[in-house]
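You will see two complexes here that share chain A, one where it goes with chain B and one where it goes with chain C.
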Partner chain A sequence: MSNGQTSILILDDEPIVSKRLKPSLEKKGYEVETFTKGADALQRVRERHFDIVVTDLKMEGVDGMQFLSEVKEKYPDTEVIVITGFATMATAKESFNKGVFDFLAKPFKLGEIAEVIAKAEAKIKKG
Partner chain B sequence: MKILVTLDAKNYSKNILKDVARLAGNTLADVVFLGVQDDTASPRQSLVNTLLKYQKDIYSYFSPDDLPYAEFSSDRLEEKGKGDWTISAKGMKEFTLRIKSGSVAKQTIAVAEEMNCDLAVLGCGGKAGCEWDGEMNVPLRIAKDAPCSVLVIKQTKKTNQIVSILDHSVVSQDSLEMINQLVTLNEAGLKIVGVQKKKDGHKAEVEKRMVELLRYYNDLEINVWVKLLNSEEVKPYVTNISRESIVALWMGKESLIKLLFSQSMVDKLLETTQSSLLILR
Partner chain C sequence: MTNFLHRFGRLFQRKNQESVPFKILFADFKKSLELNNQILDLIAATNDKLSGDYIFDERFIQTKCRKLSDLVRELIVTINHLTQQKYPELYNTFHQIEEDIEAVLQGKILYSVRDYILDYDSISRKVVDAVGGKNAHIAEIGSNLDLRIPPGFAITTAAFSAFRQENSFENLISETTKQWQEKKITVKEAARKIQQEIMNSTLPEKLERGIMEAAERLVKKQEETSPRFAVRSSALGEDDVKSFAGQFDTCLNIPLEKLAESYKKVVASLYNPEAMEYRLLQDFRPNEIMMAVACQLMIPAKTSGVMYTYDPVHPETETIIINSAWGLGEPIVSGKIPTDHFVIERQPPHQIHEVRIVHKTERMMLQGDKGINMEPVAETHSVESSLKEQQLTELAEIGLQLEKYFKKPQDIEFAVDQQDNIVVLQSRQLGLQQEMAPRACDLTRLVEKYPIILRGKGHAAMGGIAAGPAWLLNSDGDLGDFPMGAILVARHASPQLARVIHKAGGFITDIGSTTGHLATVLREFRVPAIFNMEDATSVLKTGQEITIDTECLTIYAGIVKELNYYSFHEEAIEEMYEYRLLRRVLKKIEPLNLLDPKDENFTPRGCRTYHDLTRFIHEKAVETIINLNFYHAHNRESQAGQLVWDYPLDLILIDVGGGIKGESGQGIRPEQISSVPMHALLRGMSYPGIWDMSPSKVDFSSFMSSLTRTSATNNNPEEVGRNLAVVSAEYTNINFRLGYHFTVIDTYISDNMLDNHIYFRFSGGVTDSTRRSRRVRLLDEILSFYDFLCEIHGDTVVARLKRMNKRSMLHRLFLLGLLVGFTRQLDVKMINDAKITIFFEQIKKIMEENNE
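Moving on to the complex of A and B:
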């Protein structure tokens, strides 16, 4: 958390997701970086720490589960929120086993993810 | 995802619980069970008991370690307003029972708007059509006016195909995502049917839309079957496939399908389908 601003990385290969989320979250005072390619997002998390990572699971050319594993391995304190259009109980279970903070099935309203992000932020601030 | 499920004590409601549990389990959704009664004085005990029984049925679908919902602290619903009672429990996800007085269709639409839900779900009666106890055209009226997508479950038989009927108009991302969740839930194949008016210039637009969708699914490494129909072929085609498949109709404001499928046609479809009908918004 730099300058008291919570940093968020969003990875979803559908540009519309970032397009909807980024302005709404920035308006709430978050520092947001968005990625549509897993390799670019992975490169970025190797460069710097994010407080919260929001990631899709099923994307072209990248396994979201592998991405979130790498994030949690490198930064155990980063809260990861999974968003997926192809939700199953098994993927939810696997995500929670890997330590994700929450699991949201698409479609969801902006208010719903904003609420989850606020809870993750509160958890981080609480330490 | 937020799911609203409207229920009463009849079999067409009881029969959808397994599907609702699977949907809630897969998507880890916040769920509201809504019951509607005539009187405004107090929540009818029989309806409270029915909803509590349904809640237990849904919870029993999960193993204790996987249950994302908490138990209610009591069985007593709190008054939220006149003719409006509720009880909620927040675990990892929220589960709510709500009872309202008035018309089933109107109250379902009102609660869907209030909770900003993504999907409204309800059951639908047997061979004689799709009537709800004591009120005419409930599924049809909800499908027509709900602010969100509506899933009407007619029979909970296993289906292996979802047929999504789309046209030239912009298909919302939410609609695609709702279809994707149903495909995943049913482990079903997906067929996308494009509808074009025979005489006008929509053909190129429909084809463009189909190519975009093919690319979208190709990127996700999901196989889809694609079919293009002229508008006059749609009704017989849908009536035929609805016996075996879940039909998803895109009925947004600008939708050609909304024009093609008059309310009576949707009603007829609800009557004849042997599976489920998803109205997408």
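Moving on to the complex of A and C:
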């Protein structure tokens, strides 16, 4: 959390998700980087730390579960928020087992994700 | 309800082991109702996503559409099962609609209209996919604002498609484009090849005739003696921020007989090299490459020009920029001649900041039969200002009006005709220079200095930023003097407010549903709106300048310029591909065209959307159950009869187990009804005191007759008697069609609390939408007060209640009885909002007095 700004990485293969989330979160004062390709996101995560990671689970050619595992392994303090259109109890359970902060089913409201991110941020700041 | 089917099966077994047929039929009937409800709920929930408040992707749209297709297909199977395959044509209609939906999902654009030609007075933004942005905008300006536009008509994308198909140059286009993209030929070669092919093609005969007829109609209407036309492009996406400005051809001073030729020329310019390259860069899907064409009467301009409602490089200077010169606009727009330059203040009285008059040596003029030509300007004239001071003010007012109407800074082309009238030729969103936009991450800091009036309450009905003076709607509800660009603040989101949507900068309400009618219209006109802010009307004052940010649910005091500039740069959510797609696909799903079952179009073939199919099937399901069990009574296991009552309620009762005592030979008297839930409902419906609360005396029998007769002229019960109640000792299912109202009640009430449920759906109505929405609000308030879980979609109320003890459930059925009898009257009596409270109190009183 350098310069006091909370950093967020967003990974979703549907461009509209980043396109909508980035300005909305930046407007709330977050530092945001977005990716539509898992490999690029992974590379970026290896380069630097993010306070919060928002990722889809089911994407073309990327395993979101694998991505979030790697993030949590490298940075246990990073809070991961999962967004997905195909939520099953099993995937939800698996993500929580991996230490995911919260789970949002698509489609969600901008306000809903902002709320979850604010909670994650509060947890980090308290942490 | 599935639970219920199971229990219902057991009821039958108790009554008669051999009675399979009706049991199956009724199971089908119940299933059709269940599907009907699911479909309508899903349609409403999907439309809600257009508010911009949700993040959804293409996959979401596909999933929802396919889910809907599955449900509708199942509904058709069910009705055919119920009616022994009486409606096989439903499958054809369904397949056609499903195919269309799939095509839209694949990115195809279906023509919302099949007409080749649409006159400007019949065009709105709803048909933008058919006429293109330029036509849609200019036509709307003509019909909704008090501004002059060139009279004209649109040649639609349907015409374009017919032209393309008849000449089958599809292949040549895709082949040539491929060659270019593979760098085998240059873009210029590709363009030349395609354009040659288009110019050598012939127009479909029907199209050529259509163009000529429309032009002649226009000439006659305008009483033009020597008509000349301007033929302009109106391609899809051309008027967006991603602008194709100047990439397509315009043909000027065209005589009637050359219109067809000019049409081809404009269409061919769709394949100008710049346009081809531009499309490659942008997110244009092949199917979105479509050209509609604008055909307008030529304005013999004295002066022409371009106006920007903001300085695109320095919006913070709050100025309007106007460039103009003598003659027609083409050399001005394309920068071929120098122009006079004016900078004026956006704020009235529009003080002039800067005037730069240039030496204008040339102008483009109409040359009668010889087309257009550049001609020298007389020396005395050449250094004179091409616009008068008073015209600058007039232009500024026009610019601000257009900006308020379209909600974004505008780039406007105008002409001054020989009578000195200003004519708007085109208006589209002005792209501001990106670097000047405040960065989103700086916004928090930038807007800190503005006091917050309200924050964190409510729901966004339509996303966006709006700034302007607040305008409070007072209790008399008079919208007459609502000023252009103001932000409307009202207690309720009632549909009557839609009247000022085209003038409003934004909307705020204390109370309101984001799935209601008003929200739908706000989305259509893209007016930022927050509903349910709770106390906006008590905090805000008329004339107070405010800024609303729907995303943060915040109202700031003052005009927050930083947010305003920021929003100018934001890509309009509704222009994103996913939103375009959802809007297109909903056109095949949501509209309800079948209203009157007596209409000759009330047939499987008349259905044009999934909503139509659902509506048709519900009507037929109820009709079938009545016919089979009452008029033809072939089911011996069930007893059916018409209710004989003091009131002429055309109600057919079908008893499926212990719901009716004794014989039904002479009809069924109320005291014969042993169905516990039905009894409670009837008690409510016939409650004697209820009618006294109306301000004027209502004659009960005539009222009930208007309530129950679907048509005053048609008294044949076989045709009007579509009110049906299927009852057993513990169960009642009611389907009422009272005029244009629909009421469905499904309820099971026993001593076992866990099994108890009530489902209530009420929709439709004959009065104006304002009164209907008051009725919806009253129902919502009353039902919620009595513990129902309510959902409102437009003028439909769905209320559910489960798992209460028998006594409480019956008390609430009594309430439904009161409401069913009462709501039709409400349509007429709900003359103002105060009535809602009065009726509510009276209902509460009756409920207290009758709580046995």
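The rule is simple: the second predicted complex is superposed on the first by the 127 of 127 C-alpha atoms of A that agree within 3 Å, B and C clash if a C-alpha of one lies under 4 Å from a C-alpha of the other, contacts with A are read in each partner's own complex, and residues count from 1 in each chain.
Definition applied: a residue touches a chain if its C-beta (ideal position, glycine included) is under 8 Å from a C-beta of that chain, and two chains touch if they have at least 3 such contacts.
These numbers come from a predicted model, not from an experiment.
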Based on the superposed arrangement, let me know which partner A:107 touches: chain B (first), chain C (second), both, or neither?
both
On the A-aligned overlay, A:44 touches which partner chain: chain B = first, chain C = second, or both, or neither?
neither
Can A:23 be said to touch chain B (first), chain C (second), both, or neither?
second
Once the shared chain is lined up, is A:88 touching chain B (first), chain C (second), both, or neither of them?
first
Does the superposition put A:14 against chain B (first), chain C (second), both, or neither?
both
Tell me the contact category for A:31 with respect to chain B and chain C: first, second, both or neither.
second
After overlaying the two complexes on chain A, where does the chain B footprint on chain A coincide with the chain C footprint?
14, 16-17, 85, 106-109, 111
Chain C - residues contacting chain A, complex
49, 53-60, 63, 439-441, 443-444, 551-553, 566, 570-571, 573, 576-578
Across the complex, what residues on chain B touch chain A?
1-2, 25-29, 66, 92, 116, 118, 173-174, 176-178, 180-181, 183-184, 219-221
So, in the complex, the side of chain A touching chain B is made of residues 13-14, 16-17, 58-60, 85-89, 92-93, 102-109, 111-112
Chain C contact footprint on chain A (complex, rising order):
5, 12, 14, 16-17, 19-24, 26-31, 85, 106-111, 113
